[in-house]
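Chain nomenclature is as follows: A, B, C and D, assigned in order of appearance, with residue numbering initiated at 1 for each chain independently.
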Amino acid sequence: MDFKFTEEQVMIRDAADAFLLAEADSAAVRTAMASELGYDPAFWRALCDQMYWHVAHIPEQYGGLGLGYVELCIVMQAMGKRLACAPFFSTVALAANGLLLAGNEAQREQWLPRIAEGQTATLAFHGGGRAWDATAVSGEFTGSGDTYTLNGDYCYVVDGHSADLLLIAARNSQDQHELALFMLDADTAGIERQWQATMDQTRKQASLSLSNVTVAGNARLAGCQADGSTLDTLLDLACIALAAEQCGGTDAILRQAVAYTQEREQFGRTIASFQAIKHKAADIALKSEVAMSAVFYAACVADEYLAGSAGDGELAAQLPEAAAMAKAYCSDAYFFAAGNAMQMYGGVGFTWEYDAHLYFKRAKSSEVLLGNGAWHRERIATGLLGPANGGET
Amino acid sequence: MKLSFDTADEQFRTEIAGWLANNLSGEFETIRFRGGPGDEHMFGEERKRWEQQMAQGGWTCVGWPEEYGGRGLSIEQQVIFHEEYARAGGPGRVGHIGEGLAGPTIIEFGTAEQKQKYLPGIRNGTELWCQGYSEPSAGSDLANVKTKAEYDQGRQAWCISGQKVWTSLAHESDWCFVIARTDPQSQRHHGLGFFLVNMHQPGVEVRPITQLTGTSEFNEVFFDQALAEDILGEPGEGWKIGMALLGFERGVSTLGQQMAFQNELDEIIALARRNGAAQEPDIRQRISEAHIGLRLMRYNAMRMLSGPADGSLDSAALVYKLHWASWHRSLGKLAMDVLGSEGELLMEPPYELSRLQSLFLFTRSDTIYGGTNQVQRNIIAERGLGMPKEPRG
Amino acid sequence: MDFKFTEEQVMIRDAADAFLLAEADSAAVRTAMASELGYDPAFWRALCDQMYWHVAHIPEQYGGLGLGYVELCIVMQAMGKRLACAPFFSTVALAANGLLLAGNEAQREQWLPRIAEGQTATLAFHGGGRAWDATAVSGEFTGSGDTYTLNGDYCYVVDGHSADLLLIAARNSQDQHELALFMLDADTAGIERQWQATMDQTRKQASLSLSNVTVAGNARLAGCQADGSTLDTLLDLACIALAAEQCGGTDAILRQAVAYTQEREQFGRTIASFQAIKHKAADIALKSEVAMSAVFYAACVADEYLAGSAGDGELAAQLPEAAAMAKAYCSDAYFFAAGNAMQMYGGVGFTWEYDAHLYFKRAKSSEVLLGNGAWHRERIATGLLGPANGGET
Amino acid sequence: MKLSFDTADEQFRTEIAGWLANNLSGEFETIRFRGGPGDEHMFGEERKRWEQQMAQGGWTCVGWPEEYGGRGLSIEQQVIFHEEYARAGGPGRVGHIGEGLAGPTIIEFGTAEQKQKYLPGIRNGTELWCQGYSEPSAGSDLANVKTKAEYDQGRQAWCISGQKVWTSLAHESDWCFVIARTDPQSQRHHGLGFFLVNMHQPGVEVRPITQLTGTSEFNEVFFDQALAEDILGEPGEGWKIGMALLGFERGVSTLGQQMAFQNELDEIIALARRNGAAQEPDIRQRISEAHIGLRLMRYNAMRMLSGPADGSLDSAALVYKLHWASWHRSLGKLAMDVLGSEGELLMEPPYELSRLQSLFLFTRSDTIYGGTNQVQRNIIAERGLGMPKEPRG
């Protein structure tokens, strides 16, 4: 037991903070978020070519660095601090994780090197409605063996309008209980993609419409469990990465708001000297610390999960709960922090000019994405208390 | 104690409701339910014409004494007027600063000539007003006035220099009342004057402030040797007059505000029934809580308006701002949570918000402008409960 | 519309406060609460003989004063301020209200004068479980016409071990959908009564066990609707009275805690001067004001309900919602106030010696009694959104 | 980062678990799970014998260096020790003030003679300690020390006069450490001494404080010319030593405390499953939240114990008290809400509380003693975030 960063991890963190301080300042974020693409391709190239973040936790045989999930979360946290705009979460935490979980050797060798080259990717699974697990999949596939055809509408696809590669979840049109994952090029015939403008402009969403999209048999990821459990595990891993980002945002907005209150004077004092302001900051600081523990506990669990054969080990078995705890806690902590920070800023906090609203909107969008606090708490409640409504769910 | 209205009042309700039904149509159909908080910058021209339509019907300044062109309505009938106006979807009143603040202040403190000069334009909806209260370095610390008034012997008038902020409707207005320091040696609430300034002159510049909604309800107003047409009261009486003016702000119009809130809540309830959120226990509790909060806000306001016989007028009035601002901010969050994942998707690029999205974002300002929640709590504790004042720096 | 106390109501309030200040000080409350009976019979006699509170809202023809529900709530509020121990709520708000709602002329003439003479009474209806409406009734009756036999166990019976008269709710053992109310002497054969020690010692509870209790036909209250709606209305009226008591407690503990913080010094200042303390007090003050509006709105509704033939009038129709709002809001406000007051007191707040814990325990017990905030909010949600679980409840 | 324990540590876990299973039986069966917070006054004699049983097994002072009779356990093994102790239901340790506070302080600041004199009694469980820190007029303002120490030339010793408060286990203890003012001209944290006082002398009087639970975990201790057997360090060093002592308080034992919390939460979960509360959505969310809060408290503590390499040891430690105290108070409320109406009914008259009822009441003190939540927030804001100190009066 040694629950602190190693020296190497501290170096990774410091390097990440320094890189993003230079490359993802407020002006850069504002330029990127105003574009439909949503990020600066030069920044993405720098992130890949200089920092190798996109392959941090991808095993070395596929062109990656072979680091762990803790390291990935350190990077996510750093990006969350700066609201850095890049197709990083979608490419790494959604698509690459999907390949690691469900691709066979050949499929990993087919696709992961393309990610390592800097191509972007994402996951499309959500068919609408209020659920954020495998039950949300409504797209369908037909066929078997050599060729499959995909149909359906997908929403809330992160970076879906710009990704080079798509990981698609779909149900067997003949048997709704059979769920599969397909990896394909985004320019495959029959795919229409539409950018959806979002309240949080720093992360882009798209809707996808698939009409008779035909793919070869090997597009179907071989290791995907038909019962949806693989997709749920993928979403758990994504939750942990997203929670790390939220944790970074919580810390950053706290520090920025505190710095502002140290300068701003009212009634002849800095407003930081008012107990109401101090106690708001202290309450955020508490949540920020606990969020940090939640994220890196969950990251350790994810590390063990990905290291062992899936499901082995006491710690690895905690993945669903660890992910739910991290996402529930960090979602609420971030929104709490960003909302209270805006109050600490006072009038300037709700102007476009100051960055407080960017954090506030990001807090809300990442709270909703992959399920909010109540959603994940109910998952945990089911484990502790049995299903709601006496099992009728 | 009696809560029901008597027959004469109910007849009055029929009268105003009928007039609104007949007049809020045709060219004015498009501005129904528009121009409220978060939407104040919209349809300026149409709403100016509507103001004059109201005036022709005799429905402006209904609470003013008849000698100044008002209707001298009783409190009950004013309540009914504002309720029916909001229920019919009457647009945000561009004349409300003149009618509710400037006018009553001029009636109380103005000379006969000043009343003659300014009241008819307000009454007839032809001259619009805005307020010059807050300053950038002041925020909730209203007495921290840096704007200067110097008597220019050449122009035989007071000249104003300085900057005001959070001035809504400034670019639509003909007049602004400005609190400015007449005695350069004075501090805080001493040595201030209350000036009436024509907005159409070279020394006045209006710059919109873009808010987190991407819209600009508020402005900065810069005065550079701007001529003050009049001073209300004497130099040095500015604070007294300004405080009296703020007293007019809490009045019967709050009940109209509540009807607008009811419209928002109704939209949320309809949405929840439509999209299934109405079946989520957390949403049910929160919608119920919002409903209770709004109903009780109404009865709180009615106690406030019914006067001091129960000995607690002051306290009911003291808590009013904190109550509605906190309630409204919660409603904004509730709206987003009922929207769920759809809440992220904008109406149109680049940043066209739906009414509920705008509610979510704009209500973050409710707990800040007009005295932050923290300042409101200080006021309640100090004036309402007799607790010690904050030490000054 | 005139939502303030009349002069007479102010006099009633002031007289109540003065009487209780003298007769129900902390020492008196502590003596009474330590006894199994739970009150000082001399205090009850004084309350009846000097103040006539027990018959305040009973019509004159039955020996009452014929005042309204607003007056009753003024008295309940005053008693709540002092935690006065007396079988007042049970006798008046439960039993007497039951007779007013469901007794025919002969039954009212039979029983109400006994209450007017100072006999105490209560309602037994709850058979266990977590519901707080007519569905909680599990006791049964058999027979019809001339004679009935009652069987069953009743819990949470306020003052049930000491009341002279019992109002009993029971279901037809042949038809669970038929609910009836019976009024009988507490010493009727077959009734066992057991005092239950409670965490809040200022209001006593008992469990009752009825074994073949035989009563005459006229014990069954003639006006009781078989579908339970009369009992639900009775519980609504009781909720309003209890909310009034909670409102009084909220105000009292706020004032006591503020007074303490004005005296107690730490770090060289009174703790009242710390913003954290002031803002806690302000938040309680807000809730206290709103609670006051909730209670007296609901009391006006109850007045109209009891004045008209049941169900007439726009205001009267609001009874269930008004009761639910008042009980939900005041339950939470009181617990919030008492919990935060304990924090304001610091160390002495959790000693037996100071009264803070008495308010805290009373806040919790009255929150639970007749259903807590969540219970009543769900009632309102059902009205706004339809039943939970798509009507399957 | 590594969260799992290594093999040697797991073997150690087996050892201590086995010893506890063998020894916490027979005469000690009755004190399992007893004597914790809210129950500290119970089973004094049995728990003293248990302390000696522990000592004979070599299980007292396991973190002390071996030269003073400890086991010199690593942090990991101390964590395991405390976890297993709590898991087995080990009773509240009457020796914990000596082992955790007095002993480490004497080890750090005592002379060789003092170590010789005091440490063996602590180690062997034969001499118990209590603390004389807080004073009635001080509360959270620890430096406000009024207790005096005067050097009595006749008795050749320091003599203590004054009053301490909130001293747990005072009537069971043989020794008390007392902070007293050696320089009558000094103020606040200057001029204090740290004294070791024998409780068995005429000048020491212990008076229990009855709490809202009706029990007396805490005491007042009056010193009237009581002889101090020793002074630790020099006169004037009392504050430095006292602060160092408080630093020992936050340590590995927190993980044992968390296991006790887990036992409470488990009881609540079992109850909710039994009485149907587990089907109430609000209860489900809150149980889930409590579970998350406790799990994350554990990982926060492990970060704290793993040391400062991640740069945030201090902040994780700073928030610890606020976190557990707030969490535990919420758990108490949750317990009552799961109990529902049954929560009011006591085990027996006059005031015998069940464990969950006691939890509800006693946890109100958690946010007060050892530094109120307000003081904790000040500390976090000032030390953790660098915000300005509160102005003094």
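By definition in this document, a residue touches a chain if its C-beta (ideal position, glycine included) is under 8 Å from a C-beta of that chain, and two chains touch if they have at least 3 such contacts.
On a predicted model such as this, the values are computed, not experimentally measured, just so you know.
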**OP:** Please work out which of B-C and A-C is bridged by more C-beta pairs in contact, and write that pair.
**Re:** B-C
Original post:
Centre-to-centre on C-alpha atoms, which chain is most distant from chain D?
Top reply: B
**OP:** Just give me the whole-number Å value for how far the CA centre of chain C lies from that of chain D.
**Re:** 42
**OP:** Find the geometric centre of each of chain B and chain D from their Cα atoms only, then give the gap between the two centres in Å, rounded to an integer.
**Re:** 54
Subject >> Euclidean distance of C-alpha centroids - chain A vs chain C, Å >> reply: 52
Subject >> chain C, residues touching no fewer than two other chains >> reply: 270, 273-277, 279, 374, 389
**OP:** Identify all positions of chain B at which a residue touches two or more other chains, and write them in rising order.
**Re:** 281-282, 285, 374, 377, 390-391
**OP:** Write out the stretch or stretches of chain D touching chain B in their complex.
**Re:** 281-282, 285, 391
Original post:
If you look only at chain A, which of its residues touch chain D in the complex?
Top reply: 1-7, 9-10, 70, 254, 258, 261-262, 270, 272-273, 275, 277-279, 281-283, 285-286, 289-290, 292-294, 296-297, 299-301, 304, 314-315, 325, 328-329, 374, 377-378, 380-381, 384-386, 388-390
**OP:** Flag every residue of chain D that touches chain C in the complex, lowest number first.
**Re:** 134, 137-141, 144, 165-166, 209-212, 214, 275-277, 280, 282, 336-337, 340-341, 343-346, 348-353, 357, 360-361, 364-365, 367-369, 372-374, 377, 390, 392-393
**OP:** Quick one: which bits of chain A touch chain B in the complex? Just the residue numbers, please.
**Re:** 34, 36, 126, 129-130, 155-156, 195-201, 205, 264-270, 273-274, 276-277, 339, 342-343, 346-347, 349-353, 357, 360-361, 364-365, 368-369, 372, 374
Original post:
In the complex formed with chain C, which residues of chain B make contact?
Top reply: 1-6, 9, 76, 79, 269, 272-273, 278-279, 281, 284-285, 287-289, 291-292, 295-297, 299-300, 302-303, 305-312, 315-316, 318-319, 322-323, 374, 376-378, 380-382, 384-388, 390-391
